[in-house]
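A quick write-up on the structure given underneath.
We just call them A, B, C and D in the order they show up, numbering each chain from 1.
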Amino acid sequence: MRIFKKPLFMVNPKTYLYGDNVVKLAQLTEKVANKYGLDCLFTSQPIDIPALKQATSDLIITAQHMDTVKPGKLGVVLPEALNSYGVDAVILNHSEDPLTVSQLDDGVKKARALGMLSIACADSFEQCRAIAQMHPDIMICEPADLVGSGSTSDENYVKQALKAVHTVNPEITVIAAAGVDDAGDVIKMLTWGAEGTGGASGIVKATDWEEKLEEMMSAMAKFK
Amino acid sequence: MRIFKKPLFMVNPKTYLYGDNVVKLAQLTEKVANKYGLDCLFTSQPIDIPALKQATSDLIITAQHMDTVKPGKLGVVLPEALNSYGVDAVILNHSEDPLTVSQLDDGVKKARALGMLSIACADSFEQCRAIAQMHPDIMICEPADLVGSGSTSDENYVKQALKAVHTVNPEITVIAAAGVDDAGDVIKMLTWGAEGTGGASGIVKATDWEEKLEEMMSAMAKFK
Amino acid sequence: MRIFKKPLFMVNPKTYLYGDNVVKLAQLTEKVANKYGLDCLFTSQPIDIPALKQATSDLIITAQHMDTVKPGKLGVVLPEALNSYGVDAVILNHSEDPLTVSQLDDGVKKARALGMLSIACADSFEQCRAIAQMHPDIMICEPADLVGSGSTSDENYVKQALKAVHTVNPEITVIAAAGVDDAGDVIKMLTWGAEGTGGASGIVKATDWEEKLEEMMSAMAKFK
Amino acid sequence: MRIFKKPLFMVNPKTYLYGDNVVKLAQLTEKVANKYGLDCLFTSQPIDIPALKQATSDLIITAQHMDTVKPGKLGVVLPEALNSYGVDAVILNHSEDPLTVSQLDDGVKKARALGMLSIACADSFEQCRAIAQMHPDIMICEPADLVGSGSTSDENYVKQALKAVHTVNPEITVIAAAGVDDAGDVIKMLTWGAEGTGGASGIVKATDWEEKLEEMMSAMAKFK
């Protein structure tokens, strides 16, 4: 299982990028993360994973989805195949890719069995507590209606979500990232107690990726 | 919100029956339940609900599914429509009709807001604890691979599942019903601590429904 | 199989209405349809079907969805259960409730086997031709992005869609209804060749349902 | 768009293999296909596509699924990402990964727009005719209940399916492959008129892959 230290930065290019472009963003991310001594999740479509693993060595390469299927099914990616390419972590139950209760439970267990970190997303405080009972390694807590909105979670949400998760299991690392896209947002999230944050469209759509990563990671570095 | 007393009997005809036949089974169920002074959940497809509400007065008429949608969507049943016909309870997350984490969370809250009992199904102990964090009124705990199998949960599963739920929320009524189809099964489940049990295909496929209901409910009555 | 004559009017209350309100709209629809001698599809959530069948005698009561399942599955409505309550027709593959190719094929066949009219929805001209190959009784052709938009299909779309369907099977009755909500829209659709039209939110949200139905059906009556 | 000649061989390892093993099977497939001068589809999970493109040069590398999504969605693979890695073809609507009518229509169009071959699966004769109306480049016609069964389609099915597709569009290449796993099966399919065939578990589970490929492709070569 990949070891990581907090605070944790996350770059989530979703499907905005692929091929050479996503490799370029990953390399810039690794460069800036290393400059600031930060551990960093970098999420990927399955087809880009081999290139990302080859082009980087420190990033926590994270599959954006994992199917909990057995060999033989068609149209999916086998968890063992993710693992064979060196995937370090998997995102489960993102609001754009929701899982059933049973799939999420199976997914956390399967990731653990294969030595991959499980990162489970939760929305309401009830969901935060419920999913914490499944003991993923990391949770991303954010109100689903803020994803991609450009508005961050507020202080009350972040503090309550952290408390909800940690009351059930204090070992889970909690990321708060909804709408985060500049240094000010990073500082807010970490000040309110989040153990990680990062960006998706806020980074991908920046005109200068390295500058944006510098801005956000330098802000995070003060919380090491 | 419908009040009920434990132990709770459940008859789940799924889609094996409809129309006059399901009404007949409901009336027999009510007759036998009243004889033994038991409260009884009786599940229904939405199209049979009006007839079941008209033909019975004591059964806890339970929708087999609830969509958590807002007015306007097509191809579903509005929760408010269930409520307007007097539905007393709704089943959420049955293994044959699994819900996403978010839908289950919304479903429990919507049922509560409309004054209907929420009945959530769980499989593994992690799922039992997770779903208990959403505070449904009733949980049905059963290993998914035993549903419809004719084999009941074993003593270890029932006791551990009960403990898992009640450690999180002792107010939740826990039903264990997988594979239950005779008096011996009813006695086992209640002896191991279950607060309710019942049958699906085991009752529907019995040659004499009333005799089968007599056998199972008379066994349950000793645990009042 | 219910016999009907063209042009066909359709009222699709989706899940905007239920219980007494949907019964009231159905009764007004029947009254106005009879005044103008029109046959009329009236769509319904499954839970309202028994009340609608009891309160009306001439409307073609149409299920908004049909699951093509066998007895035993939970969380759905058995096709035979729809049939036992006298459902006259079923909508399949609405853009808000899309079906797989296989489910649509099975659905058309199952409806036919049970003596219910099948009404299949299509979007592009390729879909119009493809679905016509499955030989539903009625097709609703409308660009998915116009559903609920208040904008109707244009002349080119309606004429091409009609031609697409009828080149494959001239026996299929083609309805064009996207965004239709007044007499002018009804006249446009029928002038362009549609064999039926009607409304959903345009009728439900009218301040005076009877007046709106009068307006639209009186316009349609000129095309008898 | 990749050009190919008939008859077409297909190797579909589904998710039985991944990583080095699937690369090994692909290399053996290419070796034997070249020996017999056959064009060959080789299907892949997205994560293995980069390695397969690198390790082979003649195989028609085929994605086992394509999501018809726009940039930004998470948990899927962007069609443009498949294309950027040189994917030659995509399978759409396999019985283990069924698509809605609308997704299939979009998928065929998207593949064409990106210069990838579209391969659509169909079951009943109605589905064969319906899907042929969407004009995929290749169709795989097989009764869904035979997939993975070890039983092939019979003469009547293969001949009728071919006729169904070609009556609508004679340009579509039709593959019949259900249950095919030896030379005799290959000969039967091609004798009955199929323009391609191949194997999935029948090849993957053979003790000697090369021997199995030799057996099946040498049989096919007689139909060049």
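What we mean here is this: a residue touches a chain if its C-beta (ideal position, glycine included) is under 8 Å from a C-beta of that chain, and two chains touch if they have at least 3 such contacts.
The structure presented is a predicted model; accordingly, all values stated were derived computationally and were not measured.
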item	value
Most distant chain from chain C by Cα centroid	A
Intercentroid distance (Cα basis), chain D paired with chain C, Å	38
Averaged-CA centre spacing for the pair chain C and chain A, given as whole angstrom	45
Residues within chain D bordering two or more other chains	none
Contact pairs between chains, per stated definition	A-B, A-D, B-C, C-D
Touching residues (chain side chain C, partner chain B) in the complex	12, 14-16, 18-20, 43, 45-51, 64-65, 69, 71-78, 80-82, 84-85, 91, 94, 96-97, 148, 201
Residue ranges of chain B touching chain A (in the complex, touch as defined)	93, 95, 98-105, 108-109, 122-124, 126-127, 129-135, 144, 168
